[in-house]
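Below: a set of structures, written as structure tokens.
What follows is a pair of complexes built around chain A, which joins chain B in one and chain C in the other.
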Partner chain A sequence: MTTAEADRYALRLHKVSKAFGGVQALNRVDFEVRAGEVHCLAGENGCGKSTLIKTVIGVHQPEEAELIELFGEKVDRINPVKARELGVSVIWQDLALFPHMTVAENIAFDDLVGLRPRSVRYREMVRRAGDVLDRLGVDISLGASLSDLAIAQRQVVAIARALMNNARLIFMDEPTASLTQTETDRLLDIVRKLSADGVAIVFVSHRLAEVLEIAERVTVVRDGNLVGVYPTEGMTQGRLGELMTGHLIEDEVVARDLPDAPTVFQATGLTRRGEFSDISFRIKAGEVLGLTGLIGAGRTELAHVMMGMRQPDAGQMALNGASYRPANIREAIRGGMAYVSEDRLSLGLLQKQSIEDNTVISVLRKLTTAAGLISDTQKSRLVSHWIRELGVKIGAASDAISTLSGGNQQKVVLAKWLATEPRLLILDSPTVGVDVGARAGIFRIVRSLAEKGLAILLISDEVTEIMHQSDRILHMAGGRIVEEYDPRAISVPQLEEKIYA
Partner chain B sequence: MSRSSRLPVQKGIRIRPATGENLSLLALLAVLVVVFSIASPRFLTGANLGSMGFQMPLLGLLTLAMLAPILSGGLNLAIVYTANISGLTLAWTLMQFGGAEAGIGAFMLGCVLALVVGALAGAAMGGVVAYVGAHPILVSLAMMIFLRGLGEFLTRGGDISGFPDYMRILGHGSLVGVPVPLIIFGIVAFGWHMLLRRSPHGFSVYMTGSNMKAAEYAGLNAKRTLVLIYTLSGVLCAIAGILMAARFNSVRVGHGEAMLLITVLACFLGGVDPFGGHGRVAPVVIALVILQVLSSGLNLIGANQHLSTAVWGLFLIAVMVMRSSQLRHTFFFLFGKGK
Partner chain C sequence: MRDAFRRYTIELRLGVVLVVICALLSVAAPQFATLPNATSLLNNSAVNLIWAVGLLVVLIAGGIDISFAVASSVVQYLAAKLLIGIGGGNWLLGFLFCGSLGILLGLLNAWLIHGFRIISIVVTIATFNAFFGLLMFFSGGRNIYNLPDWWTARIFIFEHENAQGVWSELTLPVAVMIGCIVATWVLIKRTNIGRQLYAFGDNPEGARRAGVNIAVMQGVAFGWMGLMAGIAGLMQVNLVKEVVPNALYGRELDVLAAVVLGGARLGGGKGTILGCILGVMFVAVTQNGLNLLGVSPFAFQMIIGAAILVAISTSNIDLSQFFRNKEASS
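Our next item is the complex of A and B:
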């Protein structure tokens, strides 16, 4: 191969293997990224994506590697500092920024405290940081404290920090996981700009729609093995999901009509000042009602009012035909409501506690004997019932919940609420941070619950999800329900345009 | 529990982490007992064991009073002064009925009033922590200073002494060879264990302690839980205060002040998570016994009493170092490979 040809690659890995204990995390994997390319690294949680990235920057040393080449140069032993000097940056999902420092300080951080700190000239530093932000075409105050920025802006700061180090190859780990659709679009614009400048970007994301939108090629890894490298042109979400999981992911509209089903919940003119106004809708037994719209449209706030966590200023609610006005979440739960929060990590589960305790937390009353003590047999019976019913993959029920993957954690959240035998289940962005295979599993459960007559309110800003799971779709914008759609009468692009126009 | 979950998953026999914690503390206790028995022939005598049995319950009750707020993600710095004020309430009641001549009825009334005062002090703290959202350290510190000031004002800094003789049974008596204070401590510890590990209230304490917001999202009444647990903590302090009055035959505000931080130490030695959410009664009780053995043992081999306090401190640091997951990982790496 001539140098000119090799130059066109930012990264080439050939037959790289890495094992941890008995687990083969990478098995003779090839991975190539062209200079200036937007490349997607796809695979389910635990498939070896992170190991691959860590091997490139030298956090892990491979047991075996035929070739590791960065920007046309063969690399023997690499460590994170050397990788950064060569122009490789990784932006992890947690961003690794410093909340109490300013934007400029965060961007110039590696100049301030690198292994060879240069003399810090504050004004010079601020100027260079400003140049980088200009290059990205964003307007963020350099003197602002990072903790005052929204997560999307922090993401940009992390990118700017990489560019400050003259990065020519940037890995982005789940960059859009906590962004809204508009913010995601803005981020994707920045990625395109960088790519045009010759910076290669490797994008790791669970959101297949944006993978297909942004990347030119996609490398799929499954269980530590390379599945293949594919151009994104002509690739569908279904096909990509199938490659990642090894089985077929059905994504078709399943909407049904339920003319005879009784109404479970009804809201009439529900209003909470500054959040939403004049919300009226009904949900029937066995119906999956999709509620979509941009973040900030008032969706979560509406769910909180339905759960009694906030009080409405005007309007009525009815549950099972009776007037319903819960003073707090406990009354709502007793009334038959259940709420899967959008923030699984800090609100949906108690990360420090065990799987079993997280499962039974909302039904303690049922497990308590006449003596006022929790019955251990009842408790473990309930836990094993739901673990089996929902197919949660666990070691032991006494393990901490944090040992589970995102998808399995979400199943435990579902188990917790299903144990309360609800009549209406509110799912608020239930698949954030859940990978494709597990996502399909969760929706299979949701479907079968609906078949059994549970009413479900599905809140999501992922259009494909809303389209393929709902029986009816409500579109909320600016605190109002602006329109109702039948998934069978609208297409994904049409719905996207309605929401983001 | 959270500590062991960070370790690599081991296949095969699954020791419940709490059991492991108990076993390692018991092993430590056994080593100390052997060492002190060899060092001093008087260590394993009835007289020494008896005196240990009389000394430990006071610290023990206060430690249990500290334990529950820590589990709920807080702290109760007012335990000693709550005990003092409760003791004072008892003493005051007895004085109203003739001091040393006061009847058993007066004593009972005094105990009930003492428990009520302890409960009120706790409830006030719990209420402020739960509904105002103030930090438990600040709230209980304020309560501690308030109670101390109030107590010193009422007693003018002096002692109240001269209680009826029958109170000696409570402080110095034995029942079939077991010191009465130890029996009281045993009953309270068992009740505390049942409340925390087996009742819905206890469950709620652990959940509130690991993430109050998430606990509320799951439908637990976290605020009520906090009020309840601080109230019960105050009740335990009151029991300790009554016992203190019976043991010393006097009440003075500031009595037992040095025990405050030792109770925190005993909790952490017993594996309680300083940030709340994890910890059990049994290992804390074993930790208490260890501290008592250390102190009595050192005393018997003629060490200065202040030295034994210093040894407690060193001991705790050593335990922290041994528990650190980093060290355990290193250990695993060096010796655990290939298993």
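Our next item is the complex of A and C:
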């Protein structure tokens, strides 16, 4: 970036305040993004990031703002349509695309919006959408239905749509939350390319490693207040986490040896054709066993077999010393297994039901009275026990799950499984989409559960997480366990190299 | 090319099934593949198809309408009273009255849905009952026979006499039906309004964020349905030459079934004119064929039910998956 460019700003906000009810969502916050810069907006869930973005594009009007300036021009009142016309685009986490429309139509959709009837020129639409994809250097079939695309490709379509509107400032909300490492790298390449073209990108991500890799500067917001603006050069993940949460995030290897602990689960030569083969390992009581590797290495499939959701083609499993071969997930639960799935939002919780009903769903049988009906007293006793134990922040236990933040939802999933009193807990990517503070909270719980003798299989592709939580690490690649590491004998970069090499 | 194939799987499949059924029926029932049978099939399907394209627009926009057939009856009755009251009128006034009355009833649905945030199935079940109740109450269930001559006159757009002296003819409703199909196709496929309807049905929140005017979209969808219901009511009188208040009651589910059979997605964002036509014709041909074969009408109901189950459950089986696997292994 030349000095002349560095002086130009895509966005300047000075002393912007916004309150909802009694909650001060933004308190005299300053936020500046230079033209063509990759800027990261960091903060915990609920710190005001989304409010800030929505204020920039005029979804919310601030109560007080000393200055709002877009591309060097002062803006008084703005609305989403006007913001788009000025060249500001927001790519929300859910992408806001149309699954049953074609790629071309998704990219060019904003041209169609409006009530003045006019005819649709498909040929021109396809040509223009193709030009944008060429500019991004990606090859996606323009005639394909969006629903046939992988998430990573949809992400690219969303970016193309922003560029179609001649965006010069693009906000990206958690763009990499559901991408694999390779896909993330490809996305980051596109972000760099756009930045080189003079498009400013504001990146919102919970993955701090990524933030430090891609962004030039980072603005940290906490509880609606500006903490500060920092260059990413010389910044560490630990320091950034500390700035975001306001307290130190312990990031140290806590691995222990458990020589006397009995084996809870053992797999021998476990094979499922096309997914994984010859998997042998054991987990002891109180042990946190990390299982890492690239997405597609067969980790989730292995977990499914352990839970009886799929059947292995060969090999044995033993649980508490006895042979174990669950025909379905109910048998696995009865045997003492628990599984917190990767996709908690769609698979792990009933979003519209209450917190208490979600908590007790897997143990309804234990709560029945002699008449076979659910006992409300027992139910509320169980629910309040786990809410207290796990420190879930809730209004009332009868509130819908969807009212909770990601981190708290994750805790309810945990509560639901812990209520079954398991011997082995499988955690599959437990912190996807969970912010750094809540993440620390979840791992504090995991630790204390392990201390109490619960065996835990932690599946994750976040290397730092695996390093700092596990007692032992298994590395899975191409459906096989390729190596076992002791976290005390290896460093994060070394492990990263092993996995991504 | 493969993209196009994937996008039109349902239409393609239904087309093949329809051709097979037609071929089988031509062999089994000699009267089936004759010009007189084909033309009467079209004449009798005209009203259903007019409704179907209207309903298609509502389904695409993510709604559902149960009230349209009864709305047609209401429009018929009111238009007959009005036209007789002003001394007869003519086709122009007939279209004007029926069209605008239909639109009004459609907009009433849209207003209830959007204004009070009630889901469309609940609103239209309510209006279905309200429309029908009001109609029966005020009409006393009495038919109207003394309609203006222009309305009940047969207007032929095609005539042909074969060697045996049997006439084949297509009447005005078929021409109007073609007009409605073309107009609906232009609306949903060729205009930005139509594409916004698809988007709204596909992802309402995404559409709202993109700046699509949701209230107007509901109005367009249900207004269009109302317009089609009005026109269908007008045409149905032309076919049967009387206004019978409860004649159309119950037809809505047949049409809904046919449109869903044609690939329109309950839940919005998906559906084509071609599929809609094929769906209606599939139902019509099956009914006609079974009739010619002398099969009980109850068997027909059963077969349509089975066809819907098969169509819905097999649409989850992705044919293109099969082709992709073949490509991968070769």
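Methods note: the second predicted complex is superposed on the first by the 487 of 501 C-alpha atoms of A that agree within 3 Å, B and C clash if a C-alpha of one lies under 4 Å from a C-alpha of the other, contacts with A are read in each partner's own complex, and residues count from 1 in each chain.
By our rule, a contact is a pair of C-beta atoms (placed from the backbone, for glycine too) under 8 Å apart; a residue touches a chain by one contact, two chains touch by 3 or more.
Values in this document were obtained by computation on a predicted structure and should not be read as measured data.
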Once the structures are superposed on A, label A:80 by its partner contacts, choosing first (chain B), second (chain C), both or neither.
second
With the two structures laid over each other on chain A, which partner does A:357 touch: chain B (first), chain C (second), both, or neither?
first
So, A:92: does it touch chain B (first), chain C (second), both, or neither?
second
Is A:112 touching anything from chain B or chain C once the two structures are fitted on A? First, second, both or neither.
second
Between chain B and chain C, whom does A:150 touch in the aligned arrangement: first, second, both, or neither?
neither
Is A:100 in contact with chain B, with chain C, with both, or with neither (first, second, both, neither)?
second
In the superposed arrangement, does A:141 touch chain B (first), chain C (second), both or neither?
second
Can you tell me which positions in chain C touch chain A when the two form their complex?
3-4, 6-7, 189-196, 198-199, 202-203, 205-207, 209-213, 216, 265, 269-270
Write out the stretch or stretches of chain A touching chain C in their complex.
80-81, 84, 92, 94-102, 105, 109-120, 141, 143-145, 148
Which chain A residues qualify as touching chain B in the complex?
21, 329-330, 333, 339, 341, 346-354, 357, 361-362, 364-365, 368, 372-374, 395-396, 398-400, 402-403, 416, 420
Residues of chain B defined as touching chain A within the complex
1-2, 5, 8-9, 14, 16-17, 194, 198-200, 203-204, 206-207, 210-211, 213-221, 273, 277-278
